[in-house]
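Multiple structures are listed underneath, in structure tokens.
Paired with chain B in one complex and with chain C in the other, chain A is shared by the two complexes that follow.
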Partner chain A sequence: MNVLLSIAPIFRGRGLATVGMCWLLVVGIAAIGAPLLAPFDPLEFDPFIRLSEPGWPHLFGTDHFGRDSLSRAIYGARMAILIGSGSVLIALVAGGLIGMLSAYFVRLGHLLMRIVDVLMAFPALLLALVLMTLLERSVLNTVIVIGIVYATTTARIVFGMTLKLKRDVFVDAAICSGAGNTSILFRHILPNLMSPMLVQASFIFAFAQLQAAALDFLGLGLPPEVPSWGNMLSEERVYVTRAPWLLIFPGALIILSVFSMNLVGDALRDNIDPRFKDDIAGV
Partner chain B sequence: MALLDIRDLDLSIARGSELLPVVQGVSLTVEEDESLGIVGESGCGKSLTALAIMGLLEGSAVRIAGGSMHFQGQDLLALSPGERRRMMGDQMAMIFQEPMTSLNPVYRVGDQIMEAIIQHRGMSRKRARERALDLLDLVRIPDPIRRIDSFPHQMSGGQRQRVMIAMALACDPKLLIADEPTTALDVTVQKDVLELMLGLQRRTGMSIVLISHDLGVIAETCDKVAVMYRGRIVEQASTSELLSNMSHPYTLGLLGSIPALDHDVEWLDAIPGRVPTLDEVVPGCAFHPRCFAAEGSCRTVDPVAAAISPAHFVRCHFPQGSTT
Partner chain C sequence: MLIYALNRVLTLVPTLLAASFLVFIFIHLIPGDPASILLGDTATPEEVAELSRELGLDEPLWTQYVLWLGNVLQGDLGTSVFFREPVLSVIADGAETSILLATMTMFWIVTFGVPIGIVSATRHGSWIDQATSGGAMLFASVPTFWLGLYLILIFSVGLGWFPSSGFPSLADEGGASNLRYLVLPSLTLAAPNAALIIRLIRASMLDVSREDHVRTARAKGLHPARVAIKHIFRNALIAVSAAFGFTFAALVSEAVVTETVFSLPGIGRLVVQSVLRRDYPVIQGVILIIVVFYMAINLLVDLAYASLDPRVSLK
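Let's look at the complex of A and B:
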């Protein structure tokens, strides 16, 4: 509850971002409560009702195996959150470490940042495609690949900020009171990177959705039986004229979620001023 | 044995393949319970000398090109990083010029003071916090119990500089280096902070190296003075000797540019010109283009430091002596 209260002022006077946050909460609740909320088993085939129109009891209609679209969409929220948070975690930890170490240890930085530069020379989707073709289709691999793709941009951002921070006087002051490299990096520099990294996380979360959907659509992402919004688009794309609702619903879910995440990210970005941060911490 | 003994320190800045000297042949000694003031205009090498003593030049373009530095008999240039870390904050500490940026913005000030105490003294958090409260009280922060949990941006510049002093004093260092500690503060706050530092010095018996561009500040606070110009010490003496027998034209110029408080001065005697840039080659004495006493030999021959009285050294062909 405290957490909710402390982020509330970020949304003050930002109607659209509030709506976005609410939508993300809905997605979150759907993900957590999927087994309770889903009216049908998302994997159960029923050939007699394939491609039925939206209506009762199949609110979103059924796909070409007769699976309930709404149930698959609800379970898809699970995948969306899993892929989003998994890639954010990998991107921030790997990218953050690479960026910080590269900026702090100049020689190491020459090596690591050139590797990052090479990886960044590829368009994000192409890089993800190349990496996915080398790996098996699985949830974990998808998360890892998307995480690596966004670790490069995170590393770049963190690299730049650490270069500036390590020249700040408070770092010199820390050295003067006897702090070692580890202490300076993780106790003095890292906390100053937290708010921009939080903003970065929100955008990675959003882009990871698009990236995962694109990989699914191209048949290189999650295994086809896994109910995800991207897989729903991919599997039903041939029925776009006969049963357009099978694409409209998951497509709309992806768009809404990415848009909401971007709105929330913008609101966060506008609030990274540390003075404001203290106000909301209740000091 | 002097607490701090610097001999012929040379610092150079690497630009491309060439090395430009920024500090040349600086020799300084600081005894225990003594305060040394280093004075000079911007860019004359005062701060770089301080950074060299604290070992903060690593990773910058400036390197130590020659000379020696001993602290309590230990060769500072031969210390391993670990030994250096154990010394920093414990036996020597530094206060910086910018109180606005020298505290980490994301930590409460109490935690920043406690860090060094916990590291060097191995105290528990609870006892370190008590010590931090004492220190805040010592540097005269009002209501320390409330302020210990403040963030730096919730404090004024003067208060932050007091917190910096508290941080520096956390482990009772033997040597405190203060690089323009009052330059960024209001004049009234300046006076408070200087008096505070002096009082603490008298009480704890530590030594202070005070760096300033204000000869007035140095004269009021320090036992002895070194005047630097363009990377060199041009005059060095005890404060009383220097004030009664100011000899280098540059020192006289610095004195002339202090506004007097007791009577109105229409026009301050500023030193004409500016400090030559690093890549400008000035033949002879580096100060001659700006010097009122310069004559022929000043333009060709670089003067050497000469004692005009015991423990009063001047680097000038024509020391003004007691003519002032």
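Let's look at the complex of A and C:
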């Protein structure tokens, strides 16, 4: 409850961002309660009702295997949350550590940030593509690959912010009172980075959805049988003229979720330390 | 300025070398013998043995890298497993489509993105601003391939205005009218990127409009449109130019998807197909070329930025 009260002012006067937050809650609930909420088994074939139009009992219609689209969409929310939070976790932990350590230990920073520079010389989706050719198609590998791609940008951003913080008086004060490097980094600098990193997280979450959908579409993301929104689009795209609704629902779900996450990120960004505002790259 | 330029070029060299090493090592990360990977499944043992000797596979890794880099610098990127042709000519085949697609996309981005960005910033806070910047964010949230599929559905299948896929060369029958094949793909590719440019122009124009020289221009009674264009927009453009490298990267990434949706014979689709065909020499070649291109563009952007804003090179 306390958490809710503390974030409430951020959304004051931002109707659209509030709606976005509510939508994300709906996605979260769908993800957690998928087995209870889904009216059918998302993997069950029924050739007699393939490509049936939206109606009762298949509200979103059925795909070319006769699987219930609504149930697949509800399970797809799981994948959306899993991929989003997984890549955010990897990007923030790896990128955050690299950025902080590089800014704090100058010598190490020369080496680490050059490596980051080299990885950033590859456009995002291309890097993901190359990494996916080396790995099997699986949920975990997709998350790892997208996480690595965004770890590079995160490292760059955290590096810049840590450099600014390092010059602050409170760091000098901590050094004077005998604090060690670990303590300065994790007890003094890290807490100051938390809110800008949260904003960054919301943008990574949004971009990760689009990257994962693109990988699914190219046939290099999640295994084809996994019910994700990207796979639903990828598998049914050949039926677009016969059954356009099959692409409208998952497409709308992706757009709504990415849009909501961007709106929330935008609202959060306006409430962080103004020094860091320009560091965070959103939409 | 000259010192700054030299400095920028020199710092680029190690990054370029490291990036090329990553591209080189890519073949070695795939399980199996590099020579047979490069030649594909149909290669005879003699061919494999010959290529192994050529690549110096029994030599230490760095010698192999130097050999490879030497070949690359002479324009030899290896041979495609699938096409049985030099990688460079396979890539060159896709260049026309990709370059035309990129040009047309930039055209849309500039004709739509720039005016909308300016209007959005000058009408800051109004309903027009809220609608355009909200709309821009919405477009940036749409998966490229989804937009492409629906454009095909509406404008090719439904209205029959544009062809839905493929692209015959401008040299083929039809000549310049073949450009109509690229209208829908370039619009698809432009949408998310125009959205980014709109938001960027808006943000940097708002930054500039708070500066003193703008207040002076207004105070001496200049026409608001003149202030907006000459005093605010031109200064904001400096910040926008810095983002062009980023736009290029986004363009490359999204071209991979767009060319696949519209089955265009470009470099983006070549990457995807090569990945699916396990045509590793082509993947290696394309990635290398794109990375070099990307770095060159970033360098040009930096230099342009420094010459537009002298404060940068003095830092």
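As a working rule, the second predicted complex is superposed on the first by the 272 of 283 C-alpha atoms of A that agree within 3 Å, B and C clash if a C-alpha of one lies under 4 Å from a C-alpha of the other, contacts with A are read in each partner's own complex, and residues count from 1 in each chain.
Following the convention adopted for this analysis, a contact is a pair of C-beta atoms (placed from the backbone, for glycine too) under 8 Å apart; a residue touches a chain by one contact, two chains touch by 3 or more.
This structure is a prediction, so every number in the text was calculated from the model and none was measured.
Asks: So if we stack both complexes on chain A, do chain B and chain C clash, or do they fit?
Replies: fit
Asks: Going by the contact rule set out at the top, does A:Asp168 touch chain B (first), chain C (second), both, or neither?
Replies: So A:Asp168 only meets chain B here.
Asks: Draw lines from the C-alpha centre of chain A to the C-alpha centres of chain B and chain C: what angle do they form, to the nearest 10°?
Replies: Computed from the C-alpha centres, it is 90 degrees.
Asks: In the overlay, answer first, second, both or neither for which of chain B and chain C A:Gly251 touches.
Replies: The second partner, chain C, only.
Asks: Which partner, once the models are overlaid, touches more of chain A's residues, chain C or chain B?
Replies: The partner that reaches more residues of chain A in the superposed model: C.
Asks: Looking at A:Arg107, would you say it contacts chain B, chain C, both, or neither? Reply first, second, both or neither.
Replies: neither
Asks: Return first, second, both or neither, reflecting whether A:Phe217 touches chain B, chain C, both chains, or no partner chain.
Replies: After superposing on A, A:Phe217 lies in contact with chain C but is clear of chain B.
Asks: Report the closest approach of chain B and chain C over their C-alpha atoms in the superposed model, as a whole number of Å.
Replies: Between chain B and chain C, the minimum C-alpha distance equals 14 Å.
Asks: Counting contacts the way the document defines them, which residues of chain A are shared by the two interfaces, the one with chain B and the one with chain C?
Replies: Residues 283, which sit in both footprints.
Asks: Which chain C residues qualify as touching chain A in the complex?
Replies: Answer in residue numbers: 14-16, 18-19, 22, 26, 29-30, 134, 136-138, 140-146, 149-150, 152-153, 157, 195-196, 199, 248-250, 252-254, 256-257, 260, 271-272, 275-276, 278, 280, 283, 287, 290-291, 294-295.
Asks: Going by the contact rule at the top, pick out the chain B residues touching chain A in the complex.
Replies: For this pair, the touching residues of chain B are 54-56, 59, 81, 85-90, 92-94, 96-98, 101-107, 115-116, 119-120, 149-151, 153-154, 164, 167-168, 170.
Asks: If we count contacts the way the header does, which residues on chain A are in touch with chain C in the complex?
Replies: 16, 114-115, 117-118, 121-126, 129-130, 132-134, 206, 210, 213-214, 217-220, 230, 233, 237, 240-241, 244, 247, 251, 254-255, 258-259, 262-263, 266, 283
Asks: In the complex of these two chains, what residues of chain A are touching chain B?
Replies: 106, 168-170, 172-180, 187-188, 191-192, 194, 274-275, 278, 283
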